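Okay, handing you the structure first.
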Amino acid sequence: MALASHDTEIRVRYQETDGQQRVHHANFLTYFEIGRTEMLRGRGATYRQFEEAGLFLVVSEASCSYRAAAEYDDLLVVRTYVEKVGGASIEHAYEVIRDKTIIASGRTVVVCVDREGRVRRLPDWLLE
Amino acid sequence: MALASHDTEIRVRYQETDGQQRVHHANFLTYFEIGRTEMLRGRGATYRQFEEAGLFLVVSEASCSYRAAAEYDDLLVVRTYVEKVGGASIEHAYEVIRDKTIIASGRTVVVCVDREGRVRRLPDWLLE
Amino acid sequence: MALASHDTEIRVRYQETDGQQRVHHANFLTYFEIGRTEMLRGRGATYRQFEEAGLFLVVSEASCSYRAAAEYDDLLVVRTYVEKVGGASIEHAYEVIRDKTIIASGRTVVVCVDREGRVRRLPDWLLE
Amino acid sequence: MALASHDTEIRVRYQETDGQQRVHHANFLTYFEIGRTEMLRGRGATYRQFEEAGLFLVVSEASCSYRAAAEYDDLLVVRTYVEKVGGASIEHAYEVIRDKTIIASGRTVVVCVDREGRVRRLPDWLLE
């Protein structure tokens, strides 16, 4: 069971579609990123604060399964789940939903590092 | 053992980096796409021909593991492997290499569909 | 004096920043596109309807002046103006505003074409 | 008459096309950027060196006129011209050429700034 979940709406931009008239598959990783950023904001924090503290969350694993195409102007919901929190990493899962149908699902692992790229513990204020 | 492999060089563009001064992780899926497209071209075919025949290869699965950052102006090699060929799908694996070090590796499954999105057999000329 | 104007909010995505930790300049043309799309939606139409009628708006001119950087997570307002409507084209002007300061301004000309790329008159429903 | 010019080849990526099956117009600004970067490299310098010296070239003006569509897999030439060199800025002009036909042309002004965003003189090694 997920530790937390959050819904974010995204309107598909023309620039995100490709010659197949569907959202280019790489953009789903960007949608996931928006999902986890907005989840953080929903909890009263921002990723910008994170960087101001000299910390960065870098993606170490990402995957996506595509079930149906998203098209220009579609209104999508990105549902973001926190699956697992480690000392220095967080695992999220995602569902991209259109009209109550899941059109894609995915998973990422982000790792906390400092400016020099060394792995660092997640800050306490994030874990609360 | 891979059925075939192909190397493609990619020079990192400024536009591909993000505020962490590294290539934004979503761009690796685009690098993989360039790798499999150039592999096809190396065999005397182009994906454009494919589309002219009314067929499309859509990505149904994609994943990537990131080991080290790629930076602006880096010269990368995308090594693309054909891992498995099914009746209507192809599984590729990828390594992104800088100075003989693998900085990322990944995997995609593409499925052959027609204009209406129905799954279709891969054309014979592709399989040869 | 502009014929009409419309405000759209855009939250800067991490993927839109570059190694200078500011929004990559090319993304402002995408912001302008979102501005004119949302202006259309605000008037009860969508660009998708436009395409369903076999018509496309292609950009024939675009320019942007950059006064200050936009950064990750900034909340921007894109103010879109209709400057001039011709038989087959529309000229828009744009201001990108953060905290009441204009950080960029620009202009585009879009031309109405059909599937074969021939210039076509703008549809009456759009002009109203 | 331009002070210098340089040709760079670019193969259109699938990710760069949009639902109109042509290169999304914003990508031409990225093509221009590749053109001026490769021009610099052709003269034995790289923009990375520039940043290592604590200097940045930020775009203050950009414009593009689009005459014909570029499509997936097209092989384009970006011809970059240095039009004018000021104390702290450079004006470039660009032509994007396919099969000896100019499909787009544009112009940018870049300004030299330091880490704090203050305007700085262009370094001597760049001017030579």
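Letters A, B, C and D name the chains as they come in the text, with residue numbers starting at 1 for each one.
Going forward, contacts are C-beta pairs under 8 Å (C-beta built on N, C-alpha and C of every residue); 3 or more make two chains touch, one makes a residue touch a chain.
What you see is a predicted model; the values in this text were computed from it and never measured.
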Practice task
Tell me, please, which chain's centre (mean of its C-alpha atoms) is farthest from the centre of subunit A?
Solution key: D
Exercise for the section: Report the inter-chain centroid distance for subunit A and subunit D in whole angstrom, where each centroid is the mean of the CA atoms. Expected result: 32
Fill in the blank from the handout: dist(centroid_CA(subunit C), centroid_CA(subunit D)) in Å evaluates to 22
Fill in the blank from the handout: In whole angstrom, the CA-centroid distance of subunit B from subunit D equals 27
Practice task
Scan subunit C for residues touching two or more other chains and write them down.
Solution key: 14-15, 19, 24, 26, 30, 33, 51, 72
Practice task
Could you classify the connectivity of these chains, where an edge means two chains touch, as line, ring, star, complete or other?
Solution key: complete
Exercise for the section: Spell out the residues on subunit D that touch subunit C in their complex, using ranges where they run on. Expected result: 19-20, 22, 24-27, 29-30, 33, 51, 56, 58-66, 69, 117
Fill in the blank from the handout: The residues of subunit B that touch subunit D in their complex are 13-15, 30, 33-34, 37, 46-48, 51, 72-73
Problem - subunit C to subunit B touching residues, read off their complex - result: 14-15, 17-19, 21, 24, 26, 71-72
